[in-house]
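Alright, structures below, take your time with them.
Both of the next two complexes hold subunit A, though its partner changes from subunit B to subunit C.
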Partner chain A sequence: MSASAAEPLAPARRGRRIPWAIALPLAWVTIVVFCAVTANWIGLADPAAQELILRRKPPSAEFLLGTDNLGRDMLSRIIYGARTSLIVGLCAPAFGFLIGGAIGMCAGYYRGKVDLLLVGVIDVLLAFPALVLALTFTAYLGQSLFNVTLALGILSIPAAARVSRANTLAWGNRDFVLAARTIGASNWRILTREILPNLLPPMFAFWLVAMSVVIVAEGALSFLGLGIPAPQPSWGGMIADGREALDAAPHTALIPAGVMFLTVLSLNFLGDIVRNMVDPRRSAL
Partner chain B sequence: MSDLLQITDLNVEYPLGDGRRVHAVTDVTLSIKSGETLGLVGESGSGKSSLARALLQLPPPQRGSVLFDGQDLTKLRGQALRAIRPRLQMIFQDPIASLNPRRKVSEIVSEPLVVTGVGDPAERTKRVRAVLEAVGLDPDSVWNRRPHEFSGGQCQRIAIARALVLEPVMIVCDEPVSALDVSIRAQILNLLEDMKARFGLTLLFIAHDLAVVKSVSDRVAVMYLGKLCEVSESNALFAKPAHPYTAALLAAIPEPDPDVPLGDTKMKPGDPPSPLAPPSGCRFRTRCPHAVERCASEVPALRAIAPGRAVACHFPLT
Partner chain C sequence: MTWLSRQLLRLVAVLFAVTLLTYFIVNILPGDVAIVILGNLATPEDIAGLRKDLGLDRPMLVRYFEWLGSALSGDLGRSYRTSEPVAQAIIDRLPVSLQLMVMAQLTAVGIAIPAALLSVRKPGGIFDRISAASAFGFLAVPSFMLGIVLIYVFSVRFDLLPATGFTPMSEGLWDNLESMILPALTLGLIEWTVLMRVLRSDLLTTLKEDFILLARAKGLPPWRVLLGHALRPSSFTLITVLGLNIGGLIGGAVIVEQIFALPGVGRLLLGAIFNRDLILVQGTVTFIATSFVVINFLVDMLYAVLDPRVRHVRFRS
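On to the complex of A and B.
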């Protein structure tokens, strides 16, 4: 058999290449997640080990990203800081979405007085100045990773509730919900089996965006000195430390700022892509 | 034949929130015999779908009773109502919207069995396969697919399978072919007829297209603005309409021959009045060519004018 005859039998290769707008953000987020997860095993310097003689060194072969005001290895601190940002970024929206999502589903499904009451509660929470609430929270309950996560989680409840309520309103009107009622399905079963599966894609898209917002908020809290307590590294805290030496050693503030910028940008890009993928106009079919 | 369903003085109203109410269905009394197909026609907004949903208590009507197999559904709540639901099923107008896009066909069709707790998984699989074959779908090829992979006609077959899997005695078909291509309509109508014969079903068949109703119904009920105009045996109604509105509807059926001159519409031009404030007396009087003063002052009752024939008009045409 000649080569040309064999060719059509070969499995058709997918000609489509992954566009840069997806590949780059995805690659960056993957790198950040990988480093944060494996931080203990990739031979990093102790992020808390101080070497005052070697303070504010610019990036070099020995210290890939230089050293900070106290002579600590910036690369190690960035990676351990990523761990902090990711824990807060993953857990806070997860907490908010669990509670907010349930509230929104109840409001959108039962409507009437339940809706009025729950939307009222959400509006009150939404009207509260976010940063003030978070500051008060950490100031009174104490600074810890858990408290910061909890505060930011509570703050993400209203947004999650609104997204889930809007989607529940739209899906709850569909005939398949009515069909489920005609077979005698309970409200719980309709909510979990009929409506929830349709809620997950838009909620996931929004979760990626919420993650980036929460990472910035954690940075802001740490920058104000009310976030993750020192010496545990966090990007916001590093920017705050580096601020003192912006003229002498700009890399101490700019590198964590740049890393945070890229991470937040990537998450936003990915969130937009996922949102487009689950666009109701396309999934309507 | 005995009455399977007896609707008495049914009223459906929707509050608008500002104190006003939409009177979707007003004082409808209607019975459906076991094993027959009752066609329910009327233009958009005449209350057909509201009536259908009120039968199923989704939501329950404001007033009136729905006697199904001797039980008043409007008096049943919770578990008692749930127990009777499998016997009274519904097929919807938009076949795509009536199927959950995130679930597989096998899950959609077996859901009624799961909810009502019928059989074990093996038994359910057997029944779902049987009912899918009955509606003309190949169980193996559709099993793991999702609704968006099917055409409208196929989706309606899936919806019919879902309604049939519980072996109901009655199915309410809410414009089951309106959203389908003309070429597919006949297939679905034939399928419904087949299923009716095979499972001994009673059908309430709602449509706004008289031609469709004519082909499937034993009896026809005509609705206008929430009230019944005429209830009659199908052939008699199409041969000689007794209510002026029925006559107007029949005159509106298009002739397939382009040389036939357009007939008189038998109706005054204009839109139906608002169901927020229906006209006094006869609701059709604002568009009726025969309306006189009595029509404005006195509500015409639905009365028998011949065996198996009732009309709500002071001056019936026959």
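On to the complex of A and C.
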């Protein structure tokens, strides 16, 4: 036992990783993205059309995933909800990465006082409990898709800055950066041409994880009634609605919960795989 | 400057920035307090008068320092709606949040320690893989989703536990615990994953040490080696993460408190946001952020006391 006990788990698992661990999450994410993009053309019912006589119907041939408390088609709402989740999930981290990535690169490249100042600012932002900050932001900015995305984007700045700073620190010491500097390349050129390309793979891995975090955060805000405003479908909002009728029609809460779970799980899976490819050292985690 | 005084200075700076940022967010964004208090039918003169009475016509920075001054003496102002002192409102709700936090942590540790111990008995074995897989699964479950599923299973389906509501401890210990089991389980089931991972990885490191080899050579059964020799020196990171979670849970359990209708600090904040009760929002956010920062600071200190190497490494990166 002693010899095997000392070995970390990951390398053994990596070697044996079976294809479905990549294929299934990838397939699920593809389906979600495809449905969300083509939602207008695949003949879905109007996600806002209410039919009170048909409320809380369980899944059937007519309504594949049943109907909700107001008799709206669940399948249609799930798919339009996916669109909401994906918009927030793609845009918020993108915003955070653009700003946070730039901040982190400056801090990691220039070091010294710039670094100290920027890290101080990031520390303050990280000192806030994230959800509390998101709640406060959306409560006062007003609830809309744009504001929720903006609030979550601002919240992802510190994390993105940390990742990009750490990677910039590591790459900035390399010989090719020194070589570029020796032949007289400007700081701007070194940052954009030498360091940035090396930053993209780890940032991409992190972006997949950030996406799932943001989708969950949007769900939480909408669940609390402070996210996407009411008629617009959102998974978190649907789970909150379904909670009212857990005894009579559990599917109204459990189906969106399941869809959200699978999506987040798939994104985590893919993020994990990409991270292992980018940085084999961290695969043990 | 010594290491400790530098850290203290940093703490004060962060706290200052946190309160300023809170004040800034709450006060600069739209939603005039005077209109909130007087309603939409108020005349412009009334609004101007009230703004003057509340001191809202003065520069924001001046108001911030006044607020900070009284906040330092424990006065966070009074709610615009109920005129209840904000500090009192927080203190009233705090025991519920603290109880939830303690029970959630106990649940998380109660799952994490056995899972980690069973995992490292045979790394890569069947149990290790099951616990790694379920940890990965639980990482994808947000608290609002888990809360709903637990309510569905334990309250709706099997009618074992109350779905929502809170019974204070004064009305019976069991009734009180009963109302807290599902909320604590919701948080605990999400938190054990991180705890299990750090403990597992620390255990694996410890198991490589010579004294473990000695214990094994003495012929001690594997369980005695794990529990008696390996667990304690491996629980260092575990304790740190637990400490950090305390800070997060004091106000971070907003969602769980909301789902289960527990009258804690998180729900106080949410109610204040819905009611546009600015001064209450500000006080609660300040309280939550401050406890978060201070507790994280104390955990860092504890870490440094336990492991002197930290003093030189940790804060530089």
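One rule holds in what follows: the second predicted complex is superposed on the first by the 261 of 285 C-alpha atoms of A that agree within 3 Å, B and C clash if a C-alpha of one lies under 4 Å from a C-alpha of the other, contacts with A are read in each partner's own complex, and residues count from 1 in each chain.
The rule is simple: a contact is a pair of C-beta atoms (placed from the backbone, for glycine too) under 8 Å apart; a residue touches a chain by one contact, two chains touch by 3 or more.
What you are looking at is a predicted structure, and each value in this text was computed from that prediction instead of being measured.
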| item | value |
| --- | --- |
| Which of subunit B and subunit C A:Asn198 touches, first, second, both or neither | first |
| Which superposed partner A:Asp241 touches (first subunit B, second subunit C, both, neither) | neither |
| Contacts of A:Glu218 with subunit B and subunit C, given as first, second, both or neither | neither |
| First, second, both or neither for A:Asp68, with subunit B first and subunit C second | neither |
| Which superposed partner A:Arg189 touches (first subunit B, second subunit C, both, neither) | first |
| Which superposed partner A:Gly120 touches (first subunit B, second subunit C, both, neither) | second |
| Comparison of subunit B and subunit C by subunit A residues contacted | C |
| Which superposed partner A:Ala179 touches (first subunit B, second subunit C, both, neither) | first |
| Overlap of subunit C and subunit B interfaces on subunit A (superposed complexes) | 285 |
| Footprint of subunit B on subunit A - complex, ascending | 174-176, 178-185, 189, 193-194, 197-198, 283, 285 |
| Sites on subunit A touched by subunit C in the complex | 1-2, 4-9, 12-13, 120, 123-124, 127-129, 131-133, 135-137, 139-142, 212, 216, 219-220, 223-226, 236, 239-240, 242-243, 246-247, 250, 253-254, 257, 260-261, 264-265, 268-269, 272, 284-285 |
| Contacting residues of subunit C [partner subunit A, same complex] | 13-14, 17-18, 21-22, 25-26, 29-31, 120-124, 128-129, 132, 136-137, 139-145, 148-149, 151-152, 156, 163, 197, 201, 204, 207-208, 213, 216, 222, 247-248, 251-252, 254-255, 258-259, 269-270, 273-274, 281, 285, 288-289, 292-293, 296 |
| Complex interface listing, subunit B residues touching subunit A | 53, 56, 58, 81-83, 85-86, 88-90, 92-94, 96-103, 111-112, 115-116, 148, 159, 162, 166 |
